[in-house]
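I have a structure here, written as structure tokens, and I will follow up with some questions on it.
The chains carry the letters A, B and C, assigned in the order they are written, with residues numbered from 1 in each.
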Amino acid sequence: MFLGLYNYWIVVVLMMIGFYIVIAHGNLIKKLVGLTIFQTSVFIFYISMAKVNGGTAPIVGDGIEIYSNPLPHVLILTAIVVGIATTALGLALTVRIKEAYGSIEEEEIQKKDNSTC
Amino acid sequence: MAAPLCLLFRHSRAAWLFALIASGTALVISILLLQQVLATGLISYALGGWQAPWGIEYRIDTLNAFLLLIISSLSTVVLLAADTSISKEIPKEKHSLFYVLYLLSLTGMLGIVATGDAFNVFVFLEISSLSAYALIALGSDRRALWASYQYLIMGTIGATFILIGIGLMYQMTGTLNMHDLSNRLPEVAQTRTVFTAFAFVIVGVCLKLALFPLHLWLPNAYAYAPSIVTAFFAATATKVAIYLLIRFTYSVFGFSFSFTALPLQLLFVVLGVLGIFVASSAAIYQSNVKHLFAYSSIAQIGYMIVGFSISTVAGLTATLLHLFNHALMKGALFLALAAVMHRIGSVQLSALKGLGREMPLTMAAIVAGGLSLIGVPLTVGFVSKWYLVLALLENGWWPVAMLILLGSLLAIVYVWRIVEVAYFQPRVGPGELSKDSVREAPLAFLVPIWLLVIANVYFGIDTRLSVEVAQTASESLFGLSQ
Amino acid sequence: MNMSLETMLLLCMLLPLVAIVGIVGLGHKPNWRETVTISTCLALIYLVVNLYQGLADGEIIRLFLWEIFPGLQLSFVVEPLGMLFALIASFLWLITTIYAIGYMRSHNEINQTRFYVCFAIAIGAVMGVAFAENLFTLFIFYEVLTLSTYPLVTHAGTDKAKAGGRIYLGILLSTSIVFLLLAIISTWFVAGTLDFKPGGVFAPDVDTTVAGAILLLFIFGIGKAAIMPFHRWLPAAMVAPTPVSALLHAVAVVKAGVFTVLKVCVFIFGIDLLAVLPTTQFLLYLAGFSVLFASLIAMRQDNLKARLAYSTISQLGYITIGALLATSAGVVGSSMHIATHAVGKITLFFCAGAILVAAHKSNISEMRGLGRKMPITMLAFFIASLSIIGLPPTAGTWSKWFLLMGTIETEQWILMTILMLSSLLNIAYLLPIPYHAFFSDDNKQGSGEGVGEGVGEGIKEAPLPALIALSITTVACVALFIYPQPVYELATAVMENSRINYAD
């Protein structure tokens, strides 16, 4: 039972790891890493959902009766693009924050903000 | 809904014109759509020629059309002022980029509202959010970066939650089309997976919605973004999230499931009321006017959530009305603030001293918007409050009605802080800089601001259009789900 | 002349707004600005009198503007009680304006244009309140009135004025939004209509607990009626210039409050229902308490305007009592008291303002001997005091008479005692002022406060416009005693309108 659904367990574990990192770490880059892990877990979730036992890649050809559901793959392709865009934007922001504050630690940034205003 | 072309215009003025035209066209289209929907009912458009359950479908009913109208009209009005406003706040070479992002964001929002496909919602959500993060980061203050980053983290988590929810739904039903989903979900309604999906979607949407206590990203994001962006987002972004909430709970999961499966009603009432009070009290203590109105937005979202949670036609009507009305008032308020920013370069409360004399029209607009927030008769705020309280009474929720009215007292307090500063304090205190005379805002601001203010009053007096549309929309939602 | 009465009704509301344009446009030319204001007043009176004649001829004048929500209309109708109120308001507005011109000029007040603009909006709102056909319309104008008087209260712009304004706005807006709005919406919900109907809108079998609760909400919600504990705004609003206080107390704001109370009692609840509600008795005692307690506080005030303010609170209690007594005598008394108190109190305030302008004194203890310097003012003060107390030959006599009749009819002996007692208190706090002014020597007390040397000289009578104004109202006080017919007729018409024929 548990082993049979091992891919879902991996999803859940990854998700929690990612989420934990986002919340617990003060370093902006690490937060982004966590976010990416979090997103990736969802990707895996979609992919494993699409898998049909004994299916092959969804290519139209002779003799192929069982194949994986292609739709989630398509979806997740989009989601991956979105994820990359998010990460890229996040990283770009981090660079700008580093330029503006000279730090990428959450606490230090807040300290600087509080002292200036 | 076509935006990236904007990139081609290097010259900022041209980009502005183009953006304006695009947004204006969207407005015209959405007006036509609304008319058509009111006349004939559903409109659906299958993208790429694939028929509904398989292909991506755009599906417009009254609710969508109403939202489309709100978003496109607000965006057009805000854009009118954009050219002048960003000329000071954003470096010249980034102007065309600004419009690109703006239009992208607009596209995203319109897309979310128009689409009938659950996954498409996610895609458009990310389009609008990503451009929103970038827009906020354009703010001149370095804190804008930090605000944008926070928003990014929270927003992405929210979006991912929605994604998980959608995935789970797909797993259970094998479809992504909302209409199809709503047909198929009841069969599997009692499984744990569906509950989980529901929970994920709701939490994700609430993050986007800035529902108390998930609102932490909002005040900073609003306060440090370029003023024009704030005006745009305040008027539209959270509205889209509310739309999603309504769409998912009422249409996709179905009314009976949403409100019986989880103690959602109680939860939302409590959160809504708490949101009203906590956010309004926070607003009272802000020294930055943008912060102040940002918190007030959170409080107003609380009103909408309360209306939503009543889960009757009347309650939903109130929510939709408030959606529309709040867009009008916040649009006017933040635009007026943008004008203030343009003239005096600051929106600290202390900087507003005596402005009532220097910029009478702008400040009068702020007062009018503020009165509307309080819910004084003859403004739109009153209309939505009226319906909300009526809906509450219909359900016999006396205490909540009382609390809501008490909440609007807090609005009096924070609005009046601004009024007192603006009208009863001398412009230049003794010993400060001598008269740097501040002139009235340029026409480019005044026209859109007063357009919105007049709309505020007009829809406060003649409510036929807004009430009728809101009512049909909510009735159709209940018709769908029962 | 050829105008239809409906147009006139509309004009009543619009005219002040039109005047604003003129006032703002001519803001830099004070003479012209004031000409516009005064001619507006005259035109308004003309309109209202015409409407009155129309009403006397038995015409039904109704004006429907448009529907705000389905079933909720913005509409107006002329009926006796509103007519009475409109007559008083428009008449006193004219006088107040005349007075204000004298007062504001000799005081060199700032922002006079803003002052006149808000004045005009306020009077437009009062007309709206007076002629409102349903509770909803009334509520709208009630709020407009609150907001338009706020800049008047804070006119001086000082910290004290701001604090006063904050209390003013805070109490009025919060009571109206929290209680009144809730009451209105509940009424709408329970009765399904908000129209003022003779005999009330509630079904006869309505749950008395619910209706009682709504009544509570109404009475507390109408903060303008200044029932304790929501009376604080009145003394706070004393920071305003005197014409504003006069307007607030005698013409616009408080009268709008008690007018609303009357309207609600007679036309929403209907006096039959009112009599059986469980909360009526409680509210009666509350109003009685308010009457008595405010009088007691008034005794202790040294500032003349503050004393008058508390006196107003107590007088407003009379009107509320009359309305809640739910008998025809009570309602007639209340209606008449709106008129008589208006005339009396405005005179008192004019006098207070005149003293302030001419002698720069606002404390009662400094007013000894002033009667010799300002004989007309002080005489007016004396007559108006008599009217407030309710002694002949002044107008206040009649309204008190009917109020007392009302209490006796319903055998509310406690309330009757309260009314009598309060009249005694009125004597105690009002009459000493003119008494000392005429018969005391100003040097006895005045010298101790360092004003002694200058008192004898510089003080003259008040400026002429002010003097004219306060003489007119004083004459009105007496005239209403000798010739109370129009007021009485209107007041009784209120009762006839509610189709309950009491033999009296």
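Throughout what follows, a residue touches a chain if its C-beta (ideal position, glycine included) is under 8 Å from a C-beta of that chain, and two chains touch if they have at least 3 such contacts.
This structure is a prediction, so every number in the text was calculated from the model and none was measured.
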Ask   = Linking chains that touch, what shape results: line, ring, star, complete or other?
value = line
Key: Chain whose Cα centroid lies nearest the overall Cα centroid   = B
Task = Could you put a whole-Å number on the gap between the CA centroids of chain A and chain C?
result = 69
Message = Using Cα averages as centroids, what's the distance between chain A and chain B in whole Å?
response = 28
Distance from the mean Cα position of chain C to that of chain B, given in whole angstrom = 44
Query = Do you know which chain C residues sit against two or more other chains?
reply = none
Note = Residues in chain A with touches to at least two other chains are numbered none
Note = By the touch definition above, chain B meets two or more other chains at residues none
Chain B residues touching chain C - in the complex, by the definition given at the top = 371, 374-378, 383, 385-387, 389-390, 393-394, 401-402, 405-406, 408-409, 412-413, 416, 420, 423-424, 461-464, 467
Inquiry  = For the complex, give me every residue of chain A touching chain B.
reply    = 19, 22, 28, 31, 35, 38-39, 42, 45-46, 49, 71-72, 75, 78-79, 82, 85-86, 89-90, 93-94, 96-97, 100-101, 109, 113, 117
Query = Residues of chain C touching chain B in their complex?
reply = 66-70, 74, 139-140, 143-144, 147, 151, 154, 157, 161-162, 166, 169-170, 173-174, 177-178, 181-182, 185-186, 188-189
Key: Sites on chain B touched by chain A in the complex   = 119, 122-123, 126, 130, 133-134, 137, 142-143, 145-146, 148-149, 152-153, 156-157, 160, 163-164, 167, 170-171, 176
